[in-house]
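Remarks on the structure that follows.
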Amino acid sequence: MALRTVAEYVESLRDDREVWFRGERVPDVTSHPVIGKAVRHASIDFQMAEDETYRELAVVTENEKEYSRYYKIPQNAEDLLLRSRLIEAATAEGDTLVVLIKEIGTDALFALLAVTAGMNDPVYHQRVRAYYAYCRDNDLSLATAQTDVKGDRVKRPSEQADPDLYLRVVERRSDGIVVRGAKIHTSVAPNANDIIVLPTRAMGAQEADWSVAFAVPANTPGVKLLASPFGDGKSRPGEQPISARHKMMETMTVFDDVFVPNERIFLDGDTALAGALALTFVEYHRFTAVSYKLPLVDAIVGAAVTIADYNGIMKASHVREKLIKLIAYAETLRALTQTAAKRCVAKANGQVAPDPMTVNLAKSHFAHGYHEAVQHLQELAGGILVTGPGDEDWTTEETRRYLQKYLVGRQGVSAEQRMAMMNFIRDLTASEYGAYQEVLAIHAEGSLEAEKLQIIRSYQANGSAERVVALARKMATRQSTFTAA
Amino acid sequence: MALRTVAEYVESLRDDREVWFRGERVPDVTSHPVIGKAVRHASIDFQMAEDETYRELAVVTENEKEYSRYYKIPQNAEDLLLRSRLIEAATAEGDTLVVLIKEIGTDALFALLAVTAGMNDPVYHQRVRAYYAYCRDNDLSLATAQTDVKGDRVKRPSEQADPDLYLRVVERRSDGIVVRGAKIHTSVAPNANDIIVLPTRAMGAQEADWSVAFAVPANTPGVKLLASPFGDGKSRPGEQPISARHKMMETMTVFDDVFVPNERIFLDGDTALAGALALTFVEYHRFTAVSYKLPLVDAIVGAAVTIADYNGIMKASHVREKLIKLIAYAETLRALTQTAAKRCVAKANGQVAPDPMTVNLAKSHFAHGYHEAVQHLQELAGGILVTGPGDEDWTTEETRRYLQKYLVGRQGVSAEQRMAMMNFIRDLTASEYGAYQEVLAIHAEGSLEAEKLQIIRSYQANGSAERVVALARKMATRQSTFTAA
Amino acid sequence: MALRTVAEYVESLRDDREVWFRGERVPDVTSHPVIGKAVRHASIDFQMAEDETYRELAVVTENEKEYSRYYKIPQNAEDLLLRSRLIEAATAEGDTLVVLIKEIGTDALFALLAVTAGMNDPVYHQRVRAYYAYCRDNDLSLATAQTDVKGDRVKRPSEQADPDLYLRVVERRSDGIVVRGAKIHTSVAPNANDIIVLPTRAMGAQEADWSVAFAVPANTPGVKLLASPFGDGKSRPGEQPISARHKMMETMTVFDDVFVPNERIFLDGDTALAGALALTFVEYHRFTAVSYKLPLVDAIVGAAVTIADYNGIMKASHVREKLIKLIAYAETLRALTQTAAKRCVAKANGQVAPDPMTVNLAKSHFAHGYHEAVQHLQELAGGILVTGPGDEDWTTEETRRYLQKYLVGRQGVSAEQRMAMMNFIRDLTASEYGAYQEVLAIHAEGSLEAEKLQIIRSYQANGSAERVVALARKMATRQSTFTAA
Amino acid sequence: MALRTVAEYVESLRDDREVWFRGERVPDVTSHPVIGKAVRHASIDFQMAEDETYRELAVVTENEKEYSRYYKIPQNAEDLLLRSRLIEAATAEGDTLVVLIKEIGTDALFALLAVTAGMNDPVYHQRVRAYYAYCRDNDLSLATAQTDVKGDRVKRPSEQADPDLYLRVVERRSDGIVVRGAKIHTSVAPNANDIIVLPTRAMGAQEADWSVAFAVPANTPGVKLLASPFGDGKSRPGEQPISARHKMMETMTVFDDVFVPNERIFLDGDTALAGALALTFVEYHRFTAVSYKLPLVDAIVGAAVTIADYNGIMKASHVREKLIKLIAYAETLRALTQTAAKRCVAKANGQVAPDPMTVNLAKSHFAHGYHEAVQHLQELAGGILVTGPGDEDWTTEETRRYLQKYLVGRQGVSAEQRMAMMNFIRDLTASEYGAYQEVLAIHAEGSLEAEKLQIIRSYQANGSAERVVALARKMATRQSTFTAA
């Protein structure tokens, strides 16, 4: 097989998967008013592979076989940089919304490949390799389900009132296992072919049943995709230039005693590796994250510069101050993202991974500053973000003439131009889509606290902590009289 | 006349006013699916006057006549504190959305009373007094239109390409004036009885035509209310516990050659007083603002504490850290708001106004910190804010059982409890309503920059600047050898 | 007895106390080159009582007896406000350095009075009352030793490798106790008459020996004052306009088996009250702290305004921005300090104390922002803070003529004027004195973390936490469909 | 000629240069108690070239000739990275104080080489090349005098009350020029061989006399070095582990009608290039700056980790939080510094320069965060930073025994160890040396505002601004209905 067309991708989703939306079973996700939008958004990835502009970036040729670059196992910094650039380009085509239909799944595959390569029993690594080849050769779209519903957040899986609050193995058979539980925040699941399941945290010795990783097709019996309706409001192309065309679905993914055949079980009972797998995935995935945030922060800077110009305030000193803050925010993210690739570290399986410390610095920088960036952009735009007219006001003569007369910007900027940028800024920052981006900034790919923790851990692990302590001690004691005493 | 009932208020809005919504003329605002919600929200004010709990706070008895406390001209700190407390209570009844139907109009009246009291020609002050008495005695609901559409923001009214970009007098007759222009961000206009119009900035000597203030009924010919559809999506009571019940309308308020009779003209051509009027209104109105922000910040703190508890993370140190930041944010606002009242300054007409420096400190503190407060709350809540289920998922058996099983919190917290609080937090911070609050935080009652400017100006005006400079010079020069040289 | 003169105060310090400075026993603190400066600084308090300008503020007349206002037990908000104003005035006379010679001791006395009033055994309260009257009537200067040396900071007193790392009772006799240990950061001890000793933290049931409070004269046998030489460099009146005249001593105060007679033991073995006493002292003392920080922050604002003017940059927008930040910093502190007094809470013994939540808000606001305030001031001043000339360069003709020609400011500002202000700013922020203020901002009167902890604790204790949770729950559940299910 | 020895360097400074210190002419800088320390500190550079550990890094061999790497004209990213690494290593040997004796001069030479290469008249470039070769081949130490004394900061050179407030040409002769004026903040001038003089800003067409650049030996008649006494206090090796050994001199460098021969005039009257030269120097020099800040920020992190450990508080969550902030601060600086080198841009003369946007991001990141980093470190250390003992207290038996007993840290950490680190932290952050670093953070190599301005300018210049505006416009208008209308 080879790269799939958009039509093939769409068709592949008509497989009787069990998707629920607002209390109703969805008969066909591709024609659903909300999920269908997500399908079309996800198609960007397949389109780019066919598009001359992107083909070289989007497609890899190896041994005369072509496959999507997302599946390229990174073997050096250059591979990571190209992957990053592809993710950035696809997200720009998604008008700031990441496509993710291959990004997150390959992050999971890279983690599985690296972690299983180190296991004593080679069977798991062989299964992963086979599954990786299957996905790549069939140009599969993939979701990754990691976050458990968790119940009491301070308790371990085995301590929860209900053991199912973390997904677990409830039965082991000769031909496979039966799993039960629910994962939340599973992005793109309703329009992915397969779902890869990973543990969400490190496990204790007594938590073998929760130490499980596997993959299943989305239409596997017992897999129930409870789609979130968030952001399902009626969208108008003028008022919502982004979200009228782009959507990502999120599900609570219920595994109601789902059977997983042996060849798709990638971890089962190895409590020591559960945490390593969770973490390795996250390190790859945070690099994906900082890559797909670049068009978002660039769009914020670009919109800020444009609307400041349209409003005629470019020369005000406080405006320049805010633009500089936004530029520094965006460009520090870009510099750290590139540095994370360039400082890549070797993993098992001949792979590299982005430098953990740098990627967490990048992600943490992005996540901590996002709400402030939104604040600056909203400030530069003006209150009309939430008091402006609707699309129909532009098509009714009695109202349009007032809009055209009164909503102009500085000389040379028509009301239409200015309000188009205003609508963009509103959709980007002051809408359900904007709220989605705000919450994702904090919670997607791990929390702020998790990222901070990884910064200090990787600083210790890479020898930096030891180095600076030695430096400080040397400086402190060179001339100290009393220490010689 | 006396205090009006809700029914009287609602009935008074059926006056054939020209309101446009999504390109269509609205025949009756009270029964409109969106504006009707705003009417019901505004009714809170009339309800409270009838409610035993609030009656003492909401109603003033003077010379055996009862009237709404909003109309009480503040004569001391206590009056300001009671006004603040009433605004806070009404907003709490509005579930964090200010009612504003009398707040903003009385802020305008207090400014008009104080500023006209200082004019040489007593006629304007007499007109304002008469109009004030009329509004108070008829328990009127009032909008205030101040912000002009402005065109090029760095140019003065008289420098704009189109002179109408700031509202102005286009004709002067013996019985009144004709005005033209458009005001934006006019809150509550579609459901207010009258609209008070104020200049938005200081004027130059050549800008007599733009130096105009007046009041007209909302149904005056030529007054066109172009209502913003922002936040008009279908609302579900579970998913949107706030915005399904509460709404404030914003309009672009067009004055298409509107005639204003002499008795309603409060300023005309007095360029020196235009700025004073704009500023005095803003100082009163910022005190209203910080008062109505209190239930909003309290709700944020309360929701943060509750959801942290539900999630089982109350004892995590980073959680405590964020709660402390939120508490400090809310309580510093409260302390500054109270201090602004207690330090009130005397104005003409026997009135007092909140201390300008302190009220701007309060507003600026609130405005600069709001997005960060939202960030903290969203972080404590979790990503499920934007990936959670919809109302219908709770009424369908096939989905509800999974929600009930899997969305529980710490032991003792059911999925229903936890998700109700989650929905509240989403509506408060991650929705169109949330976006409205974010943008209002920055832009309502003047921009961040305007507030900062007033801090330094009032610090200079109240003698503080002089005091600290003298202090520093005294300390610096006491012992300086060379200055004696 | 009555108020003491400066001469009487100075004479009273010649009592053969055991003070060590740079490894040498100090024969007479009043004539010591460094400690003598601290004695003269402390004399400000006695001078003010004799000075017509301050007499009314500094002296209280009760039953025809005069005594220092510092000793006035606060019985209402007004008492606290006057105490605050006196502390502010004295610190302004100290050119930003607090006098403290009565402030900290009376904070300790107020805490002792309030806490012992609640004890079952009335003897302790009687002792405190007697001691309080003795101090007041003899116009005593007092140090307060609270912070133990602590060893391993995460271990309790009883868990330390050496039990003496927290001061403790090592022997109990019929006529008194013998104590051993060392307190650090004991301000003004070398020039105080008595030293009051308080526990530094809450104690466990097994920590009776560490639950001790008492007072002793500074010359009690076994009391060894190891004075810190920090800031003892040669000072020139031009280069160091503050620190050439003002100094506060800090000691490690060693109790090498010191006998304390019964009438000076205020707590012994009551483990439950040790924490209450520590905390009550701190709440009084933090109010003292925010009061004495006011001249410091005012001096920063005043110096910033002056030097910006001298440098000719007053109109630069970034300069205005920084001035506004400094003003907001200073004035928010002032507003919170006043509010803490106005919201005072009742304690035992008929006293009031500043509102704990507000005083901790105030202190935390000050402490967190101090380094940033220094940064802004240093930025406005310029690099010449640390590259400028010395006093002698102004008295040598060959160099002075260049200084006079080249170090001028904007037109009208001579080099002498500008450099006098520059010297003041350097002494305030870029010197050992400046460093002292920086470190004190963070560590004096409790750490940043301790203050934050008290904010949340007092927010819970005063009912606010309960109130906002109830508010959020009410708002969240009013319309929730599924919770009714 | 070749690399010089320390002795040769020291000897070369005995040239009768006119240096003034505290009003007295200094007969020999090498034996002066304060300046001599600076001479020894500067010798680090010469020592490293002889030291086996550093030789490869410190010395370049080209055409069989050896010279100091500082003089290596950067031709690619690798050259910049090695230069950065050398500066970092030298500053680490300087215990956080930059050596600068060749760093700043070569920054000036690189700027002169690049800017003069673009001039029509080739004579200037030839002069610079000759002077560069002379400096390199004689292993010269160099100061660079750029900042003028400036008078009224908002006025241009030609607008000042005294035209000498910016250095200018007062006479032009056939064999050279005569210059007059004063530069401030001239680092290392008293112990440099030559002084390179550059303009401090862009000049207007009428400012030909101020558009001048040249070099002169430090002992040229009329050159008067007024050395700042800042930080000249008595230093003890225990209390001041850094500043007892390391010192950098700063001078006001007066040019009292100094003659400059033609071959050392590098710019004269070319008003268009004055600004380019000032800016190019600054871009090179800011890269030097961020390189030499690395040991400083590393020492802060290292000291923070060490003292937190010694105090026994490593596991406290707020401690971890602060350590993470410090790590992120340091490592973001390192990543940006490296990225600035890797993204180097081509200049005339076959050189490269660090990427201006990135180097300004790096410098601005460092400068804005320094005071906060100091705050965190001081907080982790404790108040004993400014209340601790002096060196003599450790050598006197009566005091030492108490220090040893009571100043211990967690188990296993002696008082000596803990106080050695405490002394280091005090010298680093709470001393005149610490103040010097604070002020340098803000003012050295250009102000915070200058760096911010360069961020936005270079963002515009490198095409980023155009790119993001195009991106935002494309996203905004793709689907906008009304713009098509």
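To keep things simple, chains are lettered A, B, C and D as they appear, and every chain counts its residues starting from 1.
Heads up, the rule we're going with is that a residue touches a chain if its C-beta (ideal position, glycine included) is under 8 Å from a C-beta of that chain, and two chains touch if they have at least 3 such contacts.
From a predicted model like this one, the values you see are computed outputs, not experimental measurements.
Common neighbours of subunit B and subunit C under the contact rule above are A, D. Taking A-D and B-D together, the pair of chains sharing more C-beta contacts is A-D.
Centroid to centroid, with C-alpha atoms defining each point, subunit A and subunit B lie 38 Å apart. Rounded to whole angstrom units, the spacing between the C-alpha centres of subunit A and subunit D is 42. Computed centre separation for the pair subunit B/subunit D is 51 angstrom, with centres defined by C-alpha atoms. Residue positions 316, 318, 321, 391, 394-395 of subunit A are each in touch with at least two other chains. On subunit B, the positions that touch subunit D within their shared complex are 316-318, 321.
Within the complex formed with subunit C, the residues of subunit B that make contact are 92, 95-96, 236-238, 241-242, 244-245, 295, 298-299, 301-303, 305-306, 320-321, 323-324, 327-328, 330-332, 335-336, 338-339, 342, 357-358, 361, 364-365, 391, 394-395, 416-417, 419-421, 423-424, 452-453, 455-456, 459, 464-465, 467-473, 475-483, 485.
If you check the complex, the residues on subunit D that touch subunit C are 20, 22-25, 147, 149, 151-155, 161-162, 164-165, 182, 184-185, 224, 226, 228-234, 239, 250-252, 254, 256, 311-313, 315-316, 318, 370-372, 374-375, 378-379, 382-396, 398-399, 402-403, 405-411, 426, 429-432, 434-436, 438-440, 442-444, 447-449.
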